[in-house]
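Chain naming follows the written order as A, B and C, and within any one chain the residues start at number 1.
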Amino acid sequence: MPTPARRIGDVVLSLDGISLAFGGVKALTDITFDVREHEVRAIIGPNGAGKSSMLNVINGVYRPQKGTITYRGRQRHGMDSHAVAEAGIARTFQNIALFRGMSVLDNIMTGRNLKMRTSFIEQAFWWGRARREELDHRAKVEEVIDFLEIQHIRKTPVGRLPYGLQKRVELARALAAEPSLLLLDEPMAGMNVEEKQDMCRFVLDVNEQYGTTIVLIEHDMGVVMDISDRVVVLDYGRKIGDGTPDEVRGNQAVIDAYLGVAH
Amino acid sequence: MLYREAGQFKVTYAKDQQIFPIRQDRIAVIAVVVFAFVVVPLIANQYWLSAILIPVLIFSLATLGLNILTGYAGQLSLGTAAFMAVGAFAAYNFELRMPALPLPVSFFLAGCCAALVGIVFGLPSLRIKGFYLAVATLAAQFFVVWALVRFPWFSNYSSSGVITAQTMVMFGIPFETPVEKYMITLTIVALLALAAKNLVRSATGRAWMAVRDMDVAAEVIGIRLMRTKLLAFAVSSFYCGIAGALYAYAYLGTVEPEAFTLDLSFRILFMVIIGGMGSILGSFLGAAFIVLMPIVLNVLVHWLNGILQSTFAWSLPGSITSNLELMVFGGLIIFFLIVEPHGLARLWQIGKEKLRLWPFPH
Amino acid sequence: MSFFLEVLIGGLLSGVMYSLVALGFVLIFKASGVFNFAQGAMVFFAAITFVGLQKEYGIDFWLALPLTLAVMVVLGLLIERVVLRPLVNQPQITLFMATIGLSFFIEGLAQMLWGSTPRGLELGIQDQPFEWLMDRFNIGVSQFDVFAAVVSGVLVVLLAILFQRTRIGRALRAVADDHQAALSIGIPLQQIWAIVWAVAGFVALVAGMLWGARNGVSFSLTFVVLKALPVLILGGFESVPGAIVGGLIIGAAEKLCEVYLGPFVGGGIEGWVAYVIALLFLLVRPEGLFGEKHIDRV
């Protein structure tokens, strides 16, 4: 089914000359690309190309040695995790980073922690403002739970869920923060066809309903070509392709990288 | 049959967030609270109050404190006794030097002093984790005890640092008898336990558990690690401080710095482990277990001796009880860690689950 | 100057004794990733068994030695079987707490078997200063301390060789890194752990004998474990040379601080100055001088 044309806006995130190295290992070399508002931008590339490192740089987990990140007009050399979260950037992780000791509901509620204003003393007394705030945020979280169809497992401890559902809960936690930019690190890894279709549907719904800009890393070419507006291709830490899915599909360097021609 | 939730639907989030969402639980808890506040003072004798109920309550409070730090926030601490010592001596000094302050205020301030000390010794947690942090808390343990002895001001220049807790007086009424001390202790512990339960269900508690489970992810969603960890240390030490003050005022009467040994810290850690890490109920169960166990053991050995004496005209040597106690403690810790790492609280939960199905097996 | 040297040397030598206890920790940590809080209790158990065999049963010194060693080895095997095996792959904290429980258990057992009266341990070396050092340089260095240092040194060298050069040593290091992975490549986990705990028992015996001769054999021997912790922090939990260097630094620093800083704060700082030093060190270099840096992958 053809997707309706999305209103893609101006550049909201731009990375210039990002270089990241761990000791002698060069994870990223001189990466430059941008992301426009409301679009779905995919980052693809063979294993070890530096895709997760790229997300980590945007996220503030790693600080690049060179280059700048400009998000919504504010230029920084490297971002601090808390500032990033406050700026409305949320993400999911490749190896699920859920809080195993808590239930699904609690995990998603932590996504709202940043928005909670009451002090711990008010929370200890559970009256007035603290109570209202908790219930307000609970209502918002329930919206996300409805959206992702995980009502039936909201009280289950996260460690007991199958892999596919855990990934969905992680997405819920990221969405609970009402982000304007969502970074997804292999959201469909390890899923069967049905689960992938569900996840694709959710990602597209998020983009269309909430207008969230999405940057996603994904290996499944079918998914990437189908849902993304533009694609960046990385290989050995360098950018080797950038454009619409069709443009990238025809790029010789990309074909070489994926077919394993020595380069 | 008795424990069915059938028909108990929750139509508002507020109802769903209750501490005891199941009606039978609510009834049971109210019954326990009424029993504790009304029935016990009427029927309990002095021994039960002074030697069992009051220490169980006080240690439950200290265990709650340590549970907040280690069970919920994941910061291992071996310095619990030091924070109790701070609370005890701070309360003594407030009562002594500012007698105009009402007793609850003195206790509250004592807790705050302990919280401040807790924050100071919690600062290393910003850079180190796991049992490296435990070693740092050991520094607190030794340093605090040394400081209390070294600066006689704390003990009002008494010899060997011993302090004698003043009589507790509120609204002009002295609280001297075991029953009165029991009521004060019970009230304070009940209120603080309620506060703790509210805290751990709220955003603060979730932040603690997030830091415990995966601090990198917690940071990424915007939780401030420093604030969260230091808050855990502060609240935990506050609770231990109040427990320490009660320890001096409602239980022992006289304390010295050396009474707050590493051994005491370990005992409280055992209460946390056996009761269940990350569980409010577990704190009470663990404390009760550890306080009661030596008594039960004593009775058992006595009884065994009686049989041995009459059958073989031989009885176990006297020293066996204390050594047996050590062995049983150690053995139980290992047993619980292997069999049920989540302690008595989990066993209680499993029991309730079975009760839901009763009389059916599954 | 000569007083300073005396304090320094005394500190260094007592530091070597700390290293000896720390070694037992490093061994077990290196081989199983377990921080064995019960090492102090094992030292106590070894010492009291050794003395008990001699005094209660009148066994000769040179026979009691192998007997005690056998007892320690059996104890080590039992620990591995009863405590460690059921807890394979549990998080470090759980294992650490299990060893705390274990230390209580061993203490109770030791006292139940041999009673709790303190007793002395004779090794034949006197705690007297060397005459010629005293006469020529006016430095008092105890013969016993030097003997203990030499023994510890020999032990360390042997253990270092064991770990670095032998096949068993490599297997031990693999196990410490990842139990599951080691199992999956066919390393006999149980045998390895049995070996390790037996060796740790041996180290505990040597430490027990030296410490017992110095301070007498009593319940307080279990507290030497607490002194080993700052040593391990300084040296790194996985490093045999680190245990030595850490021990020397802590031992010397402790004595020097007590003598030169102590009078300003009223003395008695020996009890905690080691911890404060370790704490400050932790803030600067969390993995210790020789330890391995931990990198968390997201």
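Rule of thumb we're sticking to: a contact is a pair of C-beta atoms (placed from the backbone, for glycine too) under 8 Å apart; a residue touches a chain by one contact, two chains touch by 3 or more.
Here the structure is a predicted model, which means the values were calculated and not measured.
S.K.: From the C-alpha centres, identify the chain that is farthest from subunit A.
M.R.: Comparing chain centres, C lies farthest from subunit A.
S.K.: Report the chain closest to the protein's overall CA mean, measuring from each chain's own CA mean.
M.R.: Chain closest to the assembly's C-alpha mean: B.
S.K.: How far is the middle of subunit B from the middle of subunit C, if each middle is the mean of its Cα atoms, in Å?
M.R.: The computed centroid separation for subunit B versus subunit C comes out at 33 Å.
S.K.: Based only on mean CA positions, could you tell me how far subunit A sits from subunit C in angstrom?
M.R.: So the centroids are 49 Å from each other.
S.K.: Between subunit A and subunit B, what distance separates the C-alpha centroids? Give it in angstrom.
M.R.: Inter-chain centre distance comes to 42 Å.
S.K.: What parts of subunit A, by residue number, touch at least two of the other chains?
M.R.: 61, 93, 97
S.K.: Do you know which subunit C residues sit against two or more other chains?
M.R.: Residues 298 of subunit C touch two or more partner chains.
S.K.: Could you pull out the residues of subunit B that touch at least 2 other chains?
M.R.: 216, in rising order.
S.K.: Can you check the complex and tell me which residues of subunit B touch subunit A?
M.R.: Residues 13-14, 17, 195-196, 198-199, 202-204, 206-207, 209-210, 212-214, 216-224, 231, 235, 278 of subunit B touch subunit A in their complex.
S.K.: Inside the complex, what are the residues of subunit A that reach subunit B?
M.R.: Touch residues, subunit A against subunit B: 59-61, 81-82, 84-86, 90-91, 93, 97-102, 106, 109-114, 116, 118, 120, 123-126, 130-131, 134-135, 138-139, 142, 173-174, 177.
S.K.: Provide the residue numbers of subunit C that touch subunit B in the complex, in ascending order.
M.R.: On the subunit C side, the touching residues are 35, 82-83, 86-87, 90, 92-94, 96-98, 100-109, 111-112, 115-116, 226, 229-230, 233, 265-266, 268-269, 271-272, 275-276, 278-279, 282-283, 286, 296, 298.
S.K.: In the complex formed with subunit C, which residues of subunit B make contact?
M.R.: Against subunit C, subunit B makes touches at 76, 124, 127-128, 130-132, 134-136, 138-139, 142-143, 146, 149-150, 216, 262, 266, 269-270, 273, 319-320, 323-334, 337-338, 341.
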